Amino acid sequence: MSDLVLTCEHLVKRFGGIHATDQVSLQIPRGARHALIGPNGAGKTTLINLLTGVLTPTKGRIHLRGEDISKLPPHERVRRGLVRTFQINQLFEGLTPLQTLAMTLSQQRGQGARWWQALGHSPDLNLRCEQLLAQFHLTKVMNHCTHELPYGKRRLLEMAIALACEPRVLLLDEPAAGVPAGEREELLQTVAALPVDVSVVLIEHDMDLVFSFAHRITVLVQGAVLTEGPPAEIAADPRVREVYLGHGDQHG
Amino acid sequence: MSAANSLASLVKLRWWEAALWLLLLALPWLMPTHALLISEITIIALFAMSLDLILGYSGIVSLGHAAFFGMGAYTAALFAKHLHPDPMFGLSIAMLVSALLGAVCSLGVLRGSDLTRIMVTLGVALILQELANKLDWLTGGADGLQGVVMGPVLGRFEFDLFGQTAAWYALGITLLVFVLLRRLVVSPFGYSLQAIRDNRLRAQAIGIPVHARLVAIYTLAAGLAGLAGGLQAQTTGFASLDVFGFDRSADVLLMLVIGGSGWLWGGLVGAVVFKTLHSVISAWTPQYWTFWLGLFLVLLMLVGRERLLRPWTWGRKA
Amino acid sequence: MAEWLQIESLSAGYGEAVILHDVSLALPQGQTLALLGRNGAGKTTLINTIAGATRQHAGRIRLNGVALHSLHSYARAAAGVAWVPQERDIFKSLTVLENLTAVARPGAWTPARVFELFPRLAERQRNMGHQLSGGEQQMLAVGRALVLNPKLLLLDEPLEGLAPIIVQELLQAIARITSEEGLSAVIVEQHPQAILAISHHAAVLDQGRVIHAGPALELLNQSALLDHLLGMSLRKD
């Protein structure tokens, strides 16, 4: 039995005449630090949507830790440990970061349906909340309504929610977008510091981050996999330079 | 402030909540001549609270919540008339039947846009109203179901002519429901509903089974609306077609607009303000009451609820 | 001597809150100002204030002599201010082509020219806004600002979410546009190196105040100073 946590085989998604995803196969091993790069509109987010169940594939299968999850609804996949973040923040505007995280943790621990128990009833859940809030510098704003938060904090909350789901496989869709230079490293350190058996797939355009983080990179162009390999190989590949990296001084 | 403290402060019952409830419970004794009005307002407040569960907390827009109110009313009335006059028994049955209806109807509101939901909920209420009209051998049709005589509450408290028993009965039931709902809205379940309301996509993405939760809350809200309807039938001894009426669905929505949705007291505040306005304005100018109500609503929307309550802010620029 | 863009003693914020305190900046025609600072420093607020989307408490903003501070947002756009906010805000129910033609003004920048700059948009010109990927929306937002044929371009993190190759092209395009067409630009970016390289001036904000202003090249060459300015009170939160 291989050590692959997430695989998809020949995944196809057609919208009318367009192949948004064209025969994509991926193999993510346990503990992976995998990056997915490609030009804008190449279908990276679409692939994430297929893997998480937001979109149904036209063809192909998806397996999570050996189980065929192709037909499972999104919330079932999350319960099995497949968690994602969104490129554009998807937050609960009417709740505070504290409420959001506490609720997420409750849901994660199977207490989500409890209507008789107060949120914050369990001390170790509260502790975990405090830990997450501190880790993402949200402690000061923990009681502010999400819609009042500035953009930077919102982006951090986006990530915090995903971690509150205690993921086994984490799919990050451009997590560093809008995060200032100094905090980017920190963000990725948080991700890299995840337990070794958490597998991470990262979509990003910041090449410095990608190359320092990833052990393996898949390049997606027009919905199909162009090539896949270790960072050094990808950086040197002329096709990748042509279509994505460019030739000049990469600002990273 | 630690996480535990912050969360605890949200959950704790405020002093004024307890105080208000004590006042409400004392009302039938303080104002015995208004006992009927007190019953009426309490029942409508309960109805509004049930709508708040789905509208304010879960984000489901409904223009036909009276479907469940009416179901409860007729069930309770028929039960008392043909089966057993005990109020609590009848009320439980009314609640159950309405909840069942709610569970079935919930399938229609899970998907689609707000517009779809408005249409579906409106449609259901209209269908039920017509059914009640057609089945006149059972429901009394347009004349309504009359001669509903209730037994004593809990076997001891007879319904008196002044309506005091009725008022306390209604208040007691409503308080019970309030206590239950007060726990529910600060529970993980309650917060998950707000999450679904705010961002269904993200709610799914953190593992919340959206459809299951919505079916659950819609069923509960329907059951509570049926409870209110049952109370209405029992305290007035009468059930007529207007329990399904669009007016009723619209009025309760208006009450939430006035009182504010998404916080449990909105229904009660809205019901009190609405009914009081009605009483006062109708006494003064019965035929133009809707004009003044309309004016009040426009003012409320323009000024905003928070500012309306604070006259000293009216001069300030927004 | 009044510059093309003149900002004097600007104090602004949202509602009652004052975020910017006594900000003064000047920018000549055809030049680019790089606006730097850590998160929460007020860079976006400054851009939003020039665009007219915040509450201005004090100060003056003049573009080519025209007093912007008393004008409504749409009047400022008519006066030549093109704003690309951080959230992109493209018209989701319109197609790419409609997004551009709906706001196009006469001038050198036409939708066709935008398509030359962003071939990817040309390929998707009949797609609706909400069907575009994040990066494509970003490109469209910039393109839409360009077809306004503005006098002042306000770009809030325009490079975010764009593929490296597109970033290079966009930076070159901005450099070209400002020098060749006499357009001025104020750009907020999280990657100082990239933006300083094509800017003439740089200003660093911290807690709503300008803590450094000077030639961009100078700041680019003094990386220690740059780190210090940006790293100031990094752990305050």
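Which chain is which? They are A, B and C, in the order written, and residues in each are numbered from 1.
What we mean here is this: contacts are C-beta pairs under 8 Å (C-beta built on N, C-alpha and C of every residue); 3 or more make two chains touch, one makes a residue touch a chain.
Predicted, not measured: the structure shown is a model, and the values here were computed from it.
> Shared touching chains for subunit A and subunit B?
none
> Which two chains meet at the most C-beta pairs?
Pair with the most C-beta pairs in contact: A-B.
> Which chain wins if you rank chains by how close their C-alpha centre is to the centre of all protein C-alpha atoms?
A
> Using the average of all C-alpha atoms in each chain as its centre, how far is it in Å between subunit A and subunit B?
42
> Which integer distance in Å separates the CA centroid of subunit B from that of subunit C?
Chain centroid spacing, subunit B to subunit C, equals 51 Å.
> Between subunit A and subunit C, what is the separation of their C-alpha centroids in Å?
29
> Spell out the part of subunit A that touches subunit B in their complex, as residue ranges.
Going through subunit A, the ones touching subunit B are 52, 54, 73-75, 78-79, 83-84, 86, 90-95, 98-100, 102-104, 106-108, 111-120, 123, 126-127, 129-130, 133, 142-143, 161, 164-165.
> Using the touch definition up top, name the residues of subunit C that touch subunit A in the complex.
Touching subunit A from subunit C are residues 38-40, 44, 86, 120, 124, 132-136, 138-139, 157, 159-169, 171, 190-194, 230-231, 234, 237.
> So in the complex, the part of subunit A that touches subunit C is made up of which residues?
38-42, 44-45, 87-88, 137, 140, 150-152, 174, 177-184, 205, 207, 243-246, 248, 250-252
> Under the definition above, what is the set of subunit B residues touching subunit A in their complex?
Counting only subunit B, the residues touching subunit A are 1-4, 6-8, 10-11, 183-184, 186-192, 194-195, 197-199, 201-210, 213, 216, 262.
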